[in-house]
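Heads up, the next two complexes both have chain A, just with different partners, chain B and then chain C.
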Partner chain A sequence: MSVSESEGLLRGADPIRGVERQEARLAWGLVLPAVGTILLVALFPLAWTVWESVHLHDLRMPWLGRPFIGAANYLEALGDPRFWGALGHTAFFAATSVGLELILGLGLALAMNRAFRGRGLVRAAILVPWAIPTVVAGLLWRFMFAGEGGIVNETLLDLGLLREPLVWFIEAETAWVPVILADVWKTTPFVALLLLAGLQNIDASLYEAARIDGAAAWGQFRHVTLPLLKPAILVALIFRTLDAFRVFDLVYALTGGGPGTSTEPIALYTFNALLQNLRFGYGSALSVIVFAITFGLALIYIRLLGAELTGSKR
Partner chain B sequence: MVALTLLVMASAFPFYWAIVSSFTPESRLFQSPPLFPADLVLDHYRTLFNERNFWVPVRNSLIVAGTTTAFCVAIGGLCAYALARLEFRGKSLLLGVILAVGMFPQISVVSPLYLVLRQLRLINTYPGLILPYLTFAMPLTIWLLVGFFRQLPAELEEAAMVDGASRLRAFREVIVPLALPGLATTAILTFVYSWNEFLFALSFTLGPERQTVPVAIALFRGQYQVPWGQILAAAIVATAPVTLLVLAFQRRIVQGLTAGAVKG
Partner chain C sequence: MLPDLRRLAGFLLPVALLLAACGGASTPGVVEVTLPVSVLGAEAEVLRRQLRRFMEEHPDIRVVQRETPDAADQRHQLYVQWLNAGASDPDILQLDVVWTPEFAAAGWILPLERFAPDTSAFFPTTVSANRWGDSLFALPWFVDVGMLYWRTDLMAAPPTTFDGLVSSARAAKQRHGLRHGLVWQGARYEGLVTTFLEYLGGHGGRIMEQGRVVVASAAGRQALREMRSEIHESGIVPTAALTWHEEETRFAFQNGESAFMRNWPYAYGLMQDSAQSRVAGRFAVAPMPATPDGTPTAALGGAQLAINRNTEHPEAAWRVIDYLTRPEQMLERARVVGQFPTRAALYDDPELAAALSIPPAQARRVIEHAVARPVTPIYTQLSDILQVHLHRALTRQREPAAALAQAQAEMQQLLNRVGLGIGGPPARR
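After this line comes the complex of A and B, so read on.
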């Protein structure tokens, strides 16, 4: 906004409203480039995905054109066992990994909340897994779980827990082990840091009061720590579940969805439908379903969190 | 204390093991190598750069992540300032939409982005990666910066404005210098997320000349077997820059990561 323009506004009949209007105009000028970018690269494509999903669009068969077929793609998904399998794998992965991460993260946060020497070192050590590319994390764990001579097999053999090397990636049950461990390894630090920030917001005098009332360590944890930490736990739960639901990189690098499609998550199936099979209509319908599920989860969590934050008097 | 030491070791071990293995000759990689190796070789790193031209994906990643970060911090910074400090209608709606976009799954926009980029002949180009990266990087940047701007005392810019400076001048001369640490942290986090991104980079590149580091590593193939030594060397190269950045700024990064979430 130019100087003369702002002077003009200031000379208006109602100077306070003029200033307000000027501020609003400046604000819109400032947010416009970023908001325009988001509209262009995110919201407009999202609408397009919905449009694609109700059309038949197969890049391998361009002569078919792009006819409108209503809900046919969605109905196909509902009758597609590979889709239901992928959805099941995703739910299983999300529940298991997020559950483990919350438990471990809470333990880690409680331990880090006590002042001790070398806290910076601990924080640094747990930040490294968080910072490295997920694909790289997946490859590291695939390397460690290699069949012949991988460090995990070697260690289990040395300890006498295995008689012969286990080929981890040949059965679905064992292939999940490195996938979940890798995710827990990589993201527990993030959960721990979120919970630690929550712990540090708890007033120390509350523990004092609980102690005077005769609460032992467990009682303090149950009646002071847990209730006050609930918002932080919910936030961690939201972020992690939404993240786990779109898992792609880790599985791509670790198992490729195999053996067969027995560890294939929904994002990987959608990717394959789009860029391997070039079925853009069907793949878009899958994308919309993934989006809807994530959105639904987010809404449920936000309701829960909102109730937790505002209705605490109950 | 013991438990923490164990956890730190569990956390660091896979990384340690990758470093050690990346210096171990290929022939001995899977023959129960000792935990503390005696002889280390540079072979894998040599092959990686001399024969595999691994500097190409490194260059691609630097360009794509660097441009994305610069654009997001500049444009997103203005937006975040307005959202944090100015009063206008529709502000909370905007904040909500930006947060929602930041949370939605990347896979849900792959199909239209692919079709648009193909139409514009941007598949396998730098803009063809930078534009999709804005979908997650822009909301992330704005969300982090709103948090940082809110922490700054409002009196400072008010004082500057009483002294006759305009809003924009107050922003440029008072707020930006004060917010530099926050801007730097945001830039680092945005860079790390862009550097690590995989799905878009896999979807919108075709060959080695525009692949980013994570894609190049994931698609490594040997003639007869998986070239583990080179993959691990590449993993170390991919990890080193983000790890160094994160370690150097760890205190601030933890603040940035947790502030937005806890204060909501």
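After this line comes the complex of A and C, so read on.
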């Protein structure tokens, strides 16, 4: 006889509660492996990183040992202009690329939502950029924006928009152009598909009703499509902002963070500290900061999304 | 954050090879030592031949070549992971010249005194770059020096001053319709520091002096202004060079697009091949130019051989190093891949004259004046700071003086923080 059963008998509870308890225990038993895996896979590395981040750990200088140094790594990051620069670049990149992707993705989704011949083919074809590995895409765009013989320069020269080839990667302003374009090119399809799924969930009769009430195309979009699409937009925003905040491979392949450090995002700076300079403590502190920021962003979004979902159920 | 696939492959491949090697049967009585090297091209071919001869002479030692990535920073990462984990394998390490102090201070490589190496025959500059504290930690294997490649069909003699360089480059551009006057490595990486080091020396400046960073001196500012004006004022260097590494500059020069190029000796042999080079037989090399305040300066590069402190076979490892750094092996390397020997006496050998790209006497002068990058365990981090600020100045995001002042402050701060600021090395384990 198990403990819970005897407890149930002692309390004189009805047998149904006892069954419920048993089921609850069984449920816990069943999810335990999953919870354990999550703890091992997600929390353990995180805890380890946090532990590293409060220690001095420099692979290149073993003679310094591995002493506990409290918040020194964090303070160093906060006092480092390169860190703030990287954070600013990341925010700029995230805002610009995600904004563009949302607008373009919405346009594409609206277009694909119409019935036309070959719609299935278009929907499949639009995913091609998204399927290309990011590093490959990065190199592709690097070649396209090459100073001499790059297709972008050649085209702009032919159109008379440029008088001489532009070396895109040596000015901060121009170096951002290929980075953002490549990201928009690559991930707009993903946003478009998410939004398309949202569009298809909107009941067609609502549009009919709106039409009868005399709403024009803009009115329908403004008062029917947008409000009902909000959850899908938020989901797309969460995914894309978090991804954009951790951008690494695209910049690594395209600009390497240059010129100077003008396009260096926080993930590349962290990579540099961790794997180039082998400063595990400092690099871990940077990782924890990036984690905290993305986690905070996710929380804000989830709160917004949660409110939106319950709000739309009214 | 996705790890770069190439890095991942670069890490996994040697690990796989390592595992494969561990599983291999070993013959009793034979000591096995490992040597991580590049396994591609003519260089690997020479090494294989030399090791085969070595093993014939020493039947009790078997040398296994271990494939490692060619890119310096990837190789460095791999070494650090191995050594930090206390691995006894690989036994022998091929080090870049700027790594020796780092590995020595970390206690990862053996001091060589116990083998009583005779260093008198080597160039003093190459030996002192391999000293840390009071000990010698690696033997120089071959030496690399930065040089000025010039087109013999466009001018009678190479310029010896920076003003002369600018005017010759400009004249060549105008008279012969060349696209560029001069090309050098200006991307934000180690190569930029070596280019700058040569301009700096040419103006009489240095990066560090006795544990103090002095790069923001008047000479430093002049050197950086010179480089910047070559791009943005006289325009002899293309702006694209700010994204170029060694190979991009070589392609521009061998396609006949530039009158001058700053590069290492490796380019010479490749560009003499008329199948791929349009300038074969029409170029020569000279020391970099200088102002009256400075001296023609070559950045010192090259490879060294050291022994893993945790090796189980230090004696066998030393025998391999001793063999590979003998005069006859160096001559063979010079003949096949054009690498400069580190033994000064060889430059009087007529065999070397036939093998080298430039007259040995001239090569010897360049090597004797070669300038090592700062000898400190945290060189790579110092270089990283310098690269960023140099690149900012050259891309006109900062004024040269401000960029150098900031670089100097950050570098000094770093040195002070890790206790390497002024004076001797830290205590070793």
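As a working rule, the second predicted complex is superposed on the first by the 272 of 314 C-alpha atoms of A that agree within 3 Å, B and C clash if a C-alpha of one lies under 4 Å from a C-alpha of the other, contacts with A are read in each partner's own complex, and residues count from 1 in each chain.
The criterion applied here is as follows: contacts are C-beta pairs under 8 Å (C-beta built on N, C-alpha and C of every residue); 3 or more make two chains touch, one makes a residue touch a chain.
Everything numeric in this text was worked out from a predicted model, so none of it was measured.
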{"item": "Partner chain(s) touched by A:Phe83 [first = chain B, second = chain C, both, neither]", "value": "neither"}
{"item": "First, second, both or neither for A:Pro62, with chain B first and chain C second", "value": "second"}
{"item": "Greater chain A contact set [chain C / chain B]", "value": "B"}
{"item": "Partner chain(s) touched by A:Thr134 [first = chain B, second = chain C, both, neither]", "value": "both"}
{"item": "Touching partner for A:Trp176 - first (chain B), second (chain C), both, neither", "value": "neither"}
{"item": "Partner chain(s) touched by A:Thr270 [first = chain B, second = chain C, both, neither]", "value": "both"}
{"item": "Touching partner for A:Phe145 - first (chain B), second (chain C), both, neither", "value": "neither"}
{"item": "Touching partner for A:Phe93 - first (chain B), second (chain C), both, neither", "value": "neither"}
{"item": "Which superposed partner A:Thr294 touches (first chain B, second chain C, both, neither)", "value": "first"}
{"item": "Shared chain A contacts, counted only where both chain B and chain C touch the same residue", "value": "134-135, 148, 246, 248-249, 252, 267, 270-271, 275"}
{"item": "Complex interface listing, chain C residues touching chain A", "value": "1-2, 4-5, 7, 73, 77, 80, 84, 102, 105-107, 187-188, 238-240, 242-243, 377-378, 380-381, 384, 388-389, 391-392, 395, 397-398, 418-419, 426-429"}
{"item": "Footprint of chain B on chain A - complex, ascending", "value": "1, 3, 6, 20, 23-24, 26-28, 30-31, 33-35, 37-38, 41-46, 48-49, 52, 107-108, 111-112, 116, 120-137, 139-141, 143-144, 146, 148-151, 154, 185, 189-190, 193-194, 196-198, 201, 231-232, 235-236, 239, 242, 245-246, 248-249, 252-253, 267, 270-271, 274-275, 280, 283-284, 287-288, 290-291, 294-295, 298, 309"}
{"item": "In the complex with chain C, residue positions of chain A that touch it", "value": "58-64, 82, 134-135, 147-148, 167, 169-172, 246, 248-249, 252, 256-262, 267, 270-272, 275-278"}
{"item": "Chain A-facing residues of chain B, complex", "value": "1, 3-4, 7-8, 10-12, 14-15, 17-18, 21, 29-32, 75-76, 78-79, 81-83, 86-89, 91, 94, 97-98, 100-101, 103-116, 131-132, 134-135, 138-139, 142, 166-168, 192, 195-196, 198-199, 202-203, 213-215, 217-218, 228, 231-232, 235, 238-239, 242-243, 245-247, 250-251, 253-254, 257-259, 261-262, 264"}
